[in-house]
Structures are given as C-alpha cells and as structure tokens.
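Order of writing sets the labels: A, B, C, D, E and F. Residues in every chain begin at 1.
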Amino acid sequence: MTSIPGIPAAAQSTRLAHLDAHTYRDWAVGEHSTVLLPAGAFEQHGPHLPLGTDAILSTAIAEAVGSRIGAKVAEPLSYGYKSQQKSGGGDHLPGTVSLDAAALIGQARCIMAGFLAQGIRNLVVLNGHYENYQFLYEAADLALADAGAGHGHGPQPTVLLLSYWDYVTEGTLATVYPDGFPGWGIEHGGVLETSLMLHLRPELVALDRAVSHPPAALPRFDRLPVVASRTPDTGCLSAPDGSDERKGALLFEQVTAELSGDVATELGLPG
Amino acid sequence: MTSIPGIPAAAQSTRLAHLDAHTYRDWAVGEHSTVLLPAGAFEQHGPHLPLGTDAILSTAIAEAVGSRIGAKVAEPLSYGYKSQQKSGGGDHLPGTVSLDAAALIGQARCIMAGFLAQGIRNLVVLNGHYENYQFLYEAADLALADAGAGHGHGPQPTVLLLSYWDYVTEGTLATVYPDGFPGWGIEHGGVLETSLMLHLRPELVALDRAVSHPPAALPRFDRLPVVASRTPDTGCLSAPDGSDERKGALLFEQVTAELSGDVATELGLPG
Amino acid sequence: MTSIPGIPAAAQSTRLAHLDAHTYRDWAVGEHSTVLLPAGAFEQHGPHLPLGTDAILSTAIAEAVGSRIGAKVAEPLSYGYKSQQKSGGGDHLPGTVSLDAAALIGQARCIMAGFLAQGIRNLVVLNGHYENYQFLYEAADLALADAGAGHGHGPQPTVLLLSYWDYVTEGTLATVYPDGFPGWGIEHGGVLETSLMLHLRPELVALDRAVSHPPAALPRFDRLPVVASRTPDTGCLSAPDGSDERKGALLFEQVTAELSGDVATELGLPG
Amino acid sequence: MTSIPGIPAAAQSTRLAHLDAHTYRDWAVGEHSTVLLPAGAFEQHGPHLPLGTDAILSTAIAEAVGSRIGAKVAEPLSYGYKSQQKSGGGDHLPGTVSLDAAALIGQARCIMAGFLAQGIRNLVVLNGHYENYQFLYEAADLALADAGAGHGHGPQPTVLLLSYWDYVTEGTLATVYPDGFPGWGIEHGGVLETSLMLHLRPELVALDRAVSHPPAALPRFDRLPVVASRTPDTGCLSAPDGSDERKGALLFEQVTAELSGDVATELGLPG
Amino acid sequence: MTSIPGIPAAAQSTRLAHLDAHTYRDWAVGEHSTVLLPAGAFEQHGPHLPLGTDAILSTAIAEAVGSRIGAKVAEPLSYGYKSQQKSGGGDHLPGTVSLDAAALIGQARCIMAGFLAQGIRNLVVLNGHYENYQFLYEAADLALADAGAGHGHGPQPTVLLLSYWDYVTEGTLATVYPDGFPGWGIEHGGVLETSLMLHLRPELVALDRAVSHPPAALPRFDRLPVVASRTPDTGCLSAPDGSDERKGALLFEQVTAELSGDVATELGLPG
Amino acid sequence: MTSIPGIPAAAQSTRLAHLDAHTYRDWAVGEHSTVLLPAGAFEQHGPHLPLGTDAILSTAIAEAVGSRIGAKVAEPLSYGYKSQQKSGGGDHLPGTVSLDAAALIGQARCIMAGFLAQGIRNLVVLNGHYENYQFLYEAADLALADAGAGHGHGPQPTVLLLSYWDYVTEGTLATVYPDGFPGWGIEHGGVLETSLMLHLRPELVALDRAVSHPPAALPRFDRLPVVASRTPDTGCLSAPDGSDERKGALLFEQVTAELSGDVATELGLPG
C-alpha cells in the first residue's frame, strides 16, 4: 500500500490494530467497509517450520488481499481447533496447543458479531488451518443471528468464509508439484506451506532441519485415541522436498490475485 | 537475546510461534520451562493510539521479561473482555470489539490447559487490559483443574496472573506524573500508555491528533446502558498531555526489571 | 443374520434397541463388543427423496456392516448439523431441521461416553451427512476424555469415525457415473443417494417427481446469509438422472464390504 | 391412513422423514400444520422388553394420533434423560445410555425451534420416558423464545407437552390391573409397558424371560449414588405378571383416542 | 436447640451462615457432618401469601429437621425454576422471577460440589418448589461426578433429594382437608401452604386478602405459551379456604418428624 | 419504615420476598420501581465472623437504602465467586463454598432479566464480595440484552452496579482507622467488616475468638494453586483489632446516606 500524503502512516495500515479509533470510525461507516479475519493455529509443523505457520500464512495472505481490495485485516485467530491426525498429525504432538469447539466458536462468534454490530458491511474469514472450517462456519452463522441479520430494512451484512488453498489453481499445482500433486490431505508441513514460508518469512524456516520421508499413509477413518505411529516422526504428513522460494512466490501471487478478485466481485467492491 | 552460534536464529526466539516443534519439544520438558501469555484487547484508545495498544504493550513487556528470565512468549490474546466505561470508555465506542465472559474464559482456559498438558511447568499470564483480569483468573483456575493439578505425585504446575501496571513503582509514577498521579481508574489512552507506545512503537502513535481535555469524572457505580456523554469525546479517560518517549522508556525498563525479578524469584528460575 | 436356534429372535438383532437388557449386558462385556452409531440428518433432498435420507442410508449401511462383523447398531442420530449450501443446499430450505454445533456435540458426546462407561470396547461412528463430521469428531474426543481414556491399566476403548462415501472405490464411481464423476461436493440428492435409496427403500423414492437440471455451480467460499438462487430450485445440487437400483446395489455391496473389512482389521475383530 | 389415489405413497405418510421436501413445503404452510415429536429413551427394561421400549411406544402412539388428527410425526428423540431409580431403576444399569440435561435440552430446543422457524403452527411433544419431562419443558420454552413467540402480528405457534400415560383412564386401569393399580412410580417394565409392547411389537418381547418378583419398595427421596440393591435384579420396578396383548390393545386404543381428541380440540384441528 | 454453655451462641446455630469458619472446620470433618440445602422460589402465591413462600417453608422445615438430627442448614436457593401453569400458575405472572434450567443446575451443582469438596459426608436437598426437582437431581448427579464419587477408597459422600410434601401422611391430609384432598397438582397458594405460613410466619400472611374460588381446572398437557385465563385471577390454583394455624402446626410437626426420622435412618446418623 | 395505616404490615416491607403478588404487581408498574439486589458470598471470615458476613452486610445496607429511597430489596445472592487469596484468603479454606463464573453469571443474569421483563425500571446491584464484581457486570450486560434494552420506544431500564465500600469517605476511614488505613486489599475479616457486624448483628460476632496478627503480605500477582501459607492462620487478611460497634454505626450511617443520595440522584427518584 503506497503512502497517502497528509494521512498519518498508521492510519493507512491494512492492519486494523494499527488504526486509531477515529480513523476506524470514519472508515467503518463506509459503504464498502470490509474486514478480513485470518484464522490459524498454534500447531507443530515439523522440525523446519515454526509453530505459528498457519496464522502467519493466513495473515500474510489477508494483508495482501486487503491491500488489493481496500479491506482491513483484523488480528488473527492465533489458536485453532484440535489438530487431527489426517490433516495435521494429531493433537498429541508437542507444540500443538488447541482450542476445543466451544472455545473456538465462542471467540470467533464474539469477534464477528462485534464487527457486525459496529456497522461493518462485509466480513471475510480467511482460514489457514483445515480443522477450523466447520467451527468458523458455526460462529459466522451465530454471529449473523446475534446481529439480527435478516431482520430490519437497512443493508444486510455479509460473511464469506474460505480456506486459502481452495484458490490454488491446477496450473499452480502442476508447477509446485512437478511429479504430481499428492493431495491436500497430507499437505501438512509439506511443499506448499514450506515454499510459502520461504517466500514470506524465510528467517523462520530451518530448511536444513527438514527430513525427507515418504508421505504418511493414513486410513479412511479418524481413530481416537490416535495410533501415534501413523504420523511420521517429523510431524509432517509429507516431506518438504523440493520446496523453494520461487514456488512460494508463485503460490502467494496466484492465490492472492485469485482470492482478491473473487471476493471483490462477490462483494461488489470497487475496482 | 544474543544469538547462540550453531542454533538457528528462529530457535532462539522468545516467541513460541517462531520455534519449530522439535526445538519446542526439547525446551518444554526442561525443569524451568515457563510460558508467558500476554493478554490485551481490541479497543479504542482515542485518536492518537492504535486499537491494538493493550496487546502490543503486554506482548512487548512479555518479550522483554522472557529475554531476561529465559521464558518464552505465547501468541497474545488479542481480543479482551468488554470495555467498561470506568476503565476503558465503554463497549459502545467505535473500534472496540470484545469477547464476552464465556468466550474469553473458554479461549484462555483451553490455551492454558494445553500448555499444562504438554508439561510446561509455569504459566505467567501478563495482562494489559484491566477488564480481563477476573476472567483470566477463572480460566487459570479451570485449566489447572483440567490438568489435574493437586493430584498425582509429579511436579505441580504453577500459574501466575498479573497486570503489568501493578509493577509501576511510586518513584516511577512521580517522574511520569510530575503534577500528581491521577489514579489508575482513568489511565486509558493517557500518559502511561501513550509514553510506552512512543517508546516501543512510535510509528503507531499520532501525537498530533491527541486532544487535551480534563480527566473524565466518573461515578462510583457502573451504569448500564452507559450514559455515553460521561466518556470524553476522544474516548480517552485522561489526556495524554506530557507523554514522551523518555517516560515510556523509564516505565518499560522499570516494569520489566521489577516484573522479571518478581517472577523469577517466585518460580525459582535460574539467575 | 441367520437365526440361531434357542436364542430369541430379538436377542439376535443387530439393532441394539431391540435387545433386552440382560442380553445386552452379556454381550457388552465381551472382548470385541463394538457399537456402530449411524449419523444422519433431517434435511431436504429434493422432490424425489425423503427428508430422512441421510439417516436411512447410514443406518442401513451400519446394519449390513454390523451383520458382517458381529457389531451392534445403536439408534441413529436422526438430526444433523445445519445444511450448508455447498454440500446440502442450505439450511433455509423447507424440510431441513438442524441441530446447532453445541446440541450435536452434546448429544453425540453423551451417547458415546455412555457406551464407553458401560465397557463397550469399540465405537464406530458411521456418518451419512457431510456437515456432521467435525462435530462428531469433537464429540468423540470429549467422550473419550469423559471416559478417562489414556488413564488406568485396563484395555483402552477405541472410537473410529468415518463417512461412508469415503469407501466408494474408483471402480464403483466409474460404473455409477459413466460420463465422469462430478465430484462429492454436489452429490446431494444426486445419483449416488438416489440409487442407494432405490436399492434400499424404493417405496420412499418418487423418481417420477425428479427434475433434470445442470449441476449447481457453487463458489469456493461459503456465504452467509446464503444467496438462495445459487441452489437449484429442486434443492438437489445435481440431478438424479441415470439413477437406478442396480447402481444402488453395487454401491451398497461395495461400500459395506470395504467398510466392514477395514473396520474389522483395524479393531482386530474375529473373522 | 388410507391411500389417496394420485399422490405417491410416501407423500401420504404420517412420518415426516418419509416425505419429500416439496410435499413437506406445501403441507407445512397449511393453517393446521401440526408436528408430533415423540420422546423416548435408550434404557434397560428388564430381561423381556427391548432397550428401545420408550421410544417405540411414544412413536407408535404418535403415529396413531397423527393418523387420526392429520398431524405428522417427526423422528423420535431416541435417547432420554438419565434413568432415575424411582422411575426407571437407575442410570447405572447395563443397557441404559442417557443424555445429560444440557444435551437433551439442546437437542429438543433446536428441533422445536427449527420446526417453528419453518412455519409449523403446532408442535406436540409426546413423551414416553418419565425423566424427560421437565427438560422437554425447558426446551419448549427456549424454542418459543428463539422463534420470537409473543412478538409480531402473525399467528402464534403453540407447543403442547404431555406424557402418554396421563391419558390412561381409571376405567382402563381397572381392567389392566384387576388386583389394583400399584401406582405409576413403579410402572417400569411392568404390565402397562409389557402389554403395550405385546400389542404393538410382539416380536420384540420375550415373555418367557420375564421374572416374577414383588414390586420395588423405594424411599420417598432420591439417593445418589444409588443403593443398587433397591432395584430388583431384573431391572423392572414391578413384574409384568398378567401382561397380555388384549390389555395392550385396550391401552393403546383408549389412550390414542383420548389423546387425539384432547389435542385436536385444544388446537382447533378439523374433525 | 438448647444453648450449650461455654460455646458461643452463634456456633450453636443450625444455620451454617451464622457459624464462624473455625467452628465450621471442626464440625465439617466429623463422621456425620450433614448439610441441609433448602430450595425454594421467588414466585407469586396469590394476594395473601408472600413471594418468598417456597423458600421460607423449605428453610423452616430444614431448620427444624437440622435441630432434630444435628445437621446444619445452608443458605437456601431463593430463586427457582420457571413456574409452570399446572403447578404454580405460570411464569408470566407478576411477582415470579425464575432461573432457567442451566442457571439453576449450575448454581446448585457448584454449591453441592463445594460442600462435598470440603469433606461434608451427607447433603440433603430439601425442595419446596415443585418445578425445581429434576434440575436439582441433575445438579446432584453432576456435583457427585465433580467430587469424584465412586473413585478412591475413602468414605463416599451421599446426596439425598426430596420434596417436603412427600412426607405428609394420609392421616394428616385427612385432617387438613376434611372434605377430601384435591390433589397435589393444585396445591399452590392453597390450604397446605397457607396453613404452614400461618403457623410459621403469620405476620407475612394477609388472610383477609385471600379470595375464595373454585380450584383451577387444568389440562393433562402443558401448553406454551400459556393460555393465561386457565390460571385463576388470584394466581392460586386452589383457594386457601379453611386454612388455619392449627393445621399448619400439625403439618409442620408431622412432616419434620417423619422427614427427620427417614433421613437419620438412611444416613446412619446418631439418635 | 413507619407503618402506614390501612395497608397490611407485610405489604409495607422493603423486602420483596415478603410482599404478596398483587401488592408487588401494583408497585412494579410505578414510574420509579427500583429493585436492590444484594450480592454476597458464603466465605470464611476468620474465627470471629460468620460465614455469611458478605451477604448479611450487603443485605442490611440494601434494606437501609431501600427504606430511604423507596426501593425494594430482592433476595440476596448468598453464594459468590471463588474467594481469591489477595482479597478473601483463598477458595481452599474451610467454610468457603463458591460459584464458578458461569454459575454466578447465569444466576444473576436470570434474576435481573426476570425483573426487567416484569417492567421494573431500575435495578441496583449492591455488591458485598469483592470477587463478584466483574461477573455481576457481565450478568447485567447480558440481562439488558435479554430484555431488549436499546430497542423499542418505551422507557429504557437502567442497571447500576456498585460495591458498598466505594462509598466509604476519607473522613470515615480516618475515624475507623486512626493509625492509617491499610488498604482495601486486606480488608477481609478486619476492622471494617467486624465493626459493621458488631453494629448490625452483634450476636453473630465472637470478638473473644478474634486473633491479633500482622496484616497479610501478599504478592502483586495471583498464584494458582495458592501458596496456603501466605494467608494468615485465622483466614483474615488483617486483624480486627480496634473494631467496635461505634465504628460500625458510623460506617453504616455514612455509607447508606451517601449511597442512597447517589442512587436517588442518578435514577431521578423522588425525595
């Protein structure tokens, strides 16, 4: 976002937490006021990626999207729903600290209802942790009811909920996984997340600590308590072999462009 | 924190979210593993301070304390309990998005119970938003019960809960408020928070937008719904007149030193 | 299940609700006692399928699996989580009566914890309504905690959670959808459910009321409140064109065989 | 219900789960749309009656009432509140799997609120498990509040809540218990339930396994934890001695007639 | 209770709230420490009885029982579950302020669990408001689970739950209602409660304001929202005609004697 | 309150529980109907004060205030939030039986919402237990939302929340603590509470059992689980040395006068 002369730098931030209240107030009543709420997790991502990977990625994408479409980014949900073995290795692994369903729904509901009560027109929840999705959906549904959506005569607020990986195109996948895409199910600590982190926060990636191993072979059911040995020792469901910054840049640019366009069109945001 | 040769930079971070899972695992089982959990709010702080002030301050203090005592800082609670008129101007003001009691308790409880379940010995909740305190207390009490504290034969986990302003000394107050300390009740958006922000995040302070006005005169009761006119138009309960970076530095250094010493002594942490 | 001479018919049922308490008691303490819990919904499935389709299908599959592996079937969860537009057309449609997250989790948790408290060794939750899955997962996790799983020295109970469509093979899909499988996302009221119902409960299918229409084109996000016009007028996300009893029989036989084998192997059930 | 020519059989069902969504939609908006919601339990009923007895009976009565008064029957609540020693023998007995108060209230509230939100005019909750009653009352009260009952200008929805045994007349009791009625308190697994089951589902009754014993002598208080020896070994509070199909038929006919008349009159349903 | 020389008067109280903490501590660890917890309501009782009638009566009975059996009386639950039309006239009537199920269960559970955690051996919940009973039962069940009842090797705590009117004998009824007992269902503001209040708290009874009217004729179902006209204008379900102090004395003496004996025997309390 | 001829004594009570329903009804619809809700605790107060001290004091103050300003007093909240070491010695001490946050909020919310639903204009929550305050605030906020405050055109209800000690003036403190006020933090079982009790309920004070000891030296943080030795053996945080009835009378008169005036002015009550 380029600096606008005469307006203090902080007031031009895409990050809502950096705005002062009066700037916020003026912005919020605008016809197109849109808040992006990134959701992540505090979850092990193997020996080479940081615990905060999911929130770091969803927040970075949200900030890029916000810059493109003139939306503001709320503070992320830094803790997510329990890691499941088939998508995140399991909640038993060191480094994973999770919310239960009630806590995640309660937190997200209050935040969404709070923004809606302040007249924000559009909320876009940008999810970066697979396990969160259904609980965020419930939170959105309850928050809209709290806000009285569907009643009254004024303009109705809108909530969009999405996971950023649903915006990766086939073309991008072909480039990122030249030997064939192994499937979203085991993309935990693998090439996609590692490449994105190498592009966005290389100082937090210890690629020399990464371990090569075959992808996890996981059953069609969830089993609880988990059979720990089904998760590879690294905690990753597939190895980050072949990750690089260039793939990360491609993923990031493609996803933020696609996502920005989709959201702006849906919400009728100006250019 | 100075860099330790041979260990990746990220692994030396005080920020837990920047650690990889294996580094975390090795650290967590240590005899003195201590997690600092900063709590803030997303709350109007007048025309000159950012909405995220409370979490920014508690996180910055936590990071400084962590560096001093060898503790790690968890991702902050970025949203807090409803702003009350007598301490934060009121929950009706634009820019304030809050959690209700159940959501705040639920979130904090899960996070604390999660760290305790992973064998963390000590949790220190470092509060930066007055209204949070009792709900964080409840969360800590429930999390300890979840973790089975009081049962079994192993070492028992400990939770400390504190608000950083309780570590400001009389001497510091005398310097920061040369005309007399007006009381904690109206220190919202005032000299203490503004000076700390000028020291820590000057780019987020728009001192030229600050407005001088008499301190709020508030009743001995809370009234709901609030009488909005009792909060000054700025949203601050006292004006930031006389704030400067030097006062901020003094506050920050004094509080982090005092707080570090107190916590380290209480928890028996090494030097 | 063939009748065993000398044992009353009801006592040989796969349906737990048909057992008397003393027969149940003797069975429950067995080394391999396994309860199948079908989960469905009360949800519109267009003009040609009954509202109870999801529970009817998951219960029928559970009964077939139970017969094969010697497990018993508990009364189904007949009401499910809110229908989402991208998998069920939306919760606003007439005929859909749903549970919210708390109610579904609470119900499933109590039932699972109740069976575990009675010494049942294995619980298999057999889901037939996409939207339920994550809430059933939370319920299973909480129920195991209620039952003290992970503590004590006795044999540990196991919970498996699965959706029956994850057991449809590529080969079956090729036969059922000779023109190409359109994807699970829009399999609501379509060929799979209709064919299965034609096989299992033809008297409840009004194929002459079915309407042909193109598959729904749905966005990559969930939007709330939904844009109603995105769901086809029938309420189905794809038309049941080409459904027949033979496809239903194939699906049913293949899935129950595959699922039975997988579960029996995982749980170490005899023969 | 006799078949109506030209309308598919399923669409004529009294069972809502068997209707298709479009038939439901047309029916629901009618001036007299009435849903019967049977509530039961999954509870031991001795060695001669099935675990599902309570839901089987309340559902059978609901279907008969529905046929008489043109109402439809929703899927039953198959799990009920904890069995109490003085009415069901106690929740500790094998075969009894119960919901706690929050789960039962939550489930019933969502279902009722869902039907009311769809414009259903009348809900009749037909209880078949003594312990459920007060929790169903709470659910009904909350569901009406959810539905905004008491506000607005349209027709107001009505909920009736009843237990079927309150419709057994003195005359019927005299015939069923020629030696004197021992009281409702110990009618668990006794003559009433056994006779009704012999009439309705004889294949699920193993009368040869029934045991004769004196009625339970229970105190005026509830004690928790229960003194297990106060419940007879069978689990029944009174023996089914003297049960027969004829008594069951009498009970069933008398109760469904009385109940149908009462409900139709109260709700102003057409003859 | 006669005064014991050398022990301060307050320490001899049956009312726990009047004990000092050290006297309580010594008493609580005794082998037979028994706490009576009266439960009432804040509910209209017509024009002649006070709103607090239910708690006044259950507390008075508890104090008399406590004196007889050496038990102590905890502060009463002064607010009860929603008044139902068939037992209390309905929750819509002026003067009735009620708890919902969750609030009543939560409050009673915490209090019971608190006493059990302090080593109290026996809890007797003495109910005086019909609608409370099932919610108090749930609270007792949950509190025992909280207290770990059923685990460990020490003496197990016991909870008894009862309503005082279940201790009125046939003989007493014959005297109190010489023209025949009209049934417990309509004993709200009637002869039993009025006579008891005339005996125990005559200054709170305005018998000259009592109105004579026929007993309420109420249906076999509960209807919500209530048809207000079914409750007599007074709010009483039967008129207090014929109430007098002598009947109140008889009821009080008979019930407290019977109840004391029953409880003392059950709990093995000394003579 | 002097007796008014022609109106029954009970109807003139300040205690709502002593009113009959018809008197209540007429009073509640008045333009200035104001209910005072005292909140206390069941908490150890050392060897010389009764366990019910907090509720006794807040109720006595409420009754005096009610007499002065024509308000009525609801039944007190007799159980409070968990005792914290820094204000009440800690929840582990014998004699302390507490509510958790959810139970206290739930109870207070229902009671407040109930009064507001009956048309009461003003609610004044008069707190006597430090730990309660924030939970009562949450309850008030939720109750106002339940009551639809802020919507509609009628007069809006008001809730005031206060702790009585905030009305003690500097002048009074100087008299009560001639050697200097030690601070509110350790006023538990000390001179203020003891003197008030000597004035109001001398028969419940065993001053000869009081123990002299230095005030507790407590840290700036809360620690959980508490280090029990930080609380003096008596359970009091400061000794009651120097308490007397005269100080109690002064405190009582000054506080009730000040509080009555403040509340009457704020609410616009007559005279």
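List of remarks:
One rule holds in what follows: a residue touches a chain if its C-beta (ideal position, glycine included) is under 8 Å from a C-beta of that chain, and two chains touch if they have at least 3 such contacts.
In this text the structure is predicted, and so the values were computed from the model without any measurement.
Look at the CA centroids: the one farthest from the centroid of subunit E belongs to A. Set against the C-alpha centre of subunit B, every other chain centre is closer than that of D. Of all residue numbers seen at the subunit D-subunit E contact, over half occur in both copies; the interface is built from largely matching residues. With centres defined as mean CA coordinates, subunit F is found 25 Å away from subunit E. Averaging C-alpha coordinates per chain places the centre of subunit A 55 Å away from that of subunit E. Computed centre separation for the pair subunit A/subunit F is 47 angstrom, with centres defined by C-alpha atoms. Shown for subunit A are the residues in touch with two or more other chains, namely 100, 102. If you draw each protein chain as a dot and join the dots that touch, you get one closed loop, with every dot joined to exactly two others. All the chains close into one ring, and from subunit A toward subunit C their sequence is A, C, D, E, F, B.
Interface residues of subunit E facing subunit D in the complex, by the touch rule stated above, are 81-82, 84, 91, 100-102, 105, 131, 133-135, 137-138, 140-142, 144, 149-150, 156, 158-162, 166-167, 219-225, 262-263, 266. Those residues of subunit F that touch subunit E in the complex are listed here as 8-11, 15-25, 28, 42, 44-52, 55-56, 74-76, 78-79, 93-100, 102-103, 106-107, 109-111, 114-115, 118, 203-206, 208-209, 235.
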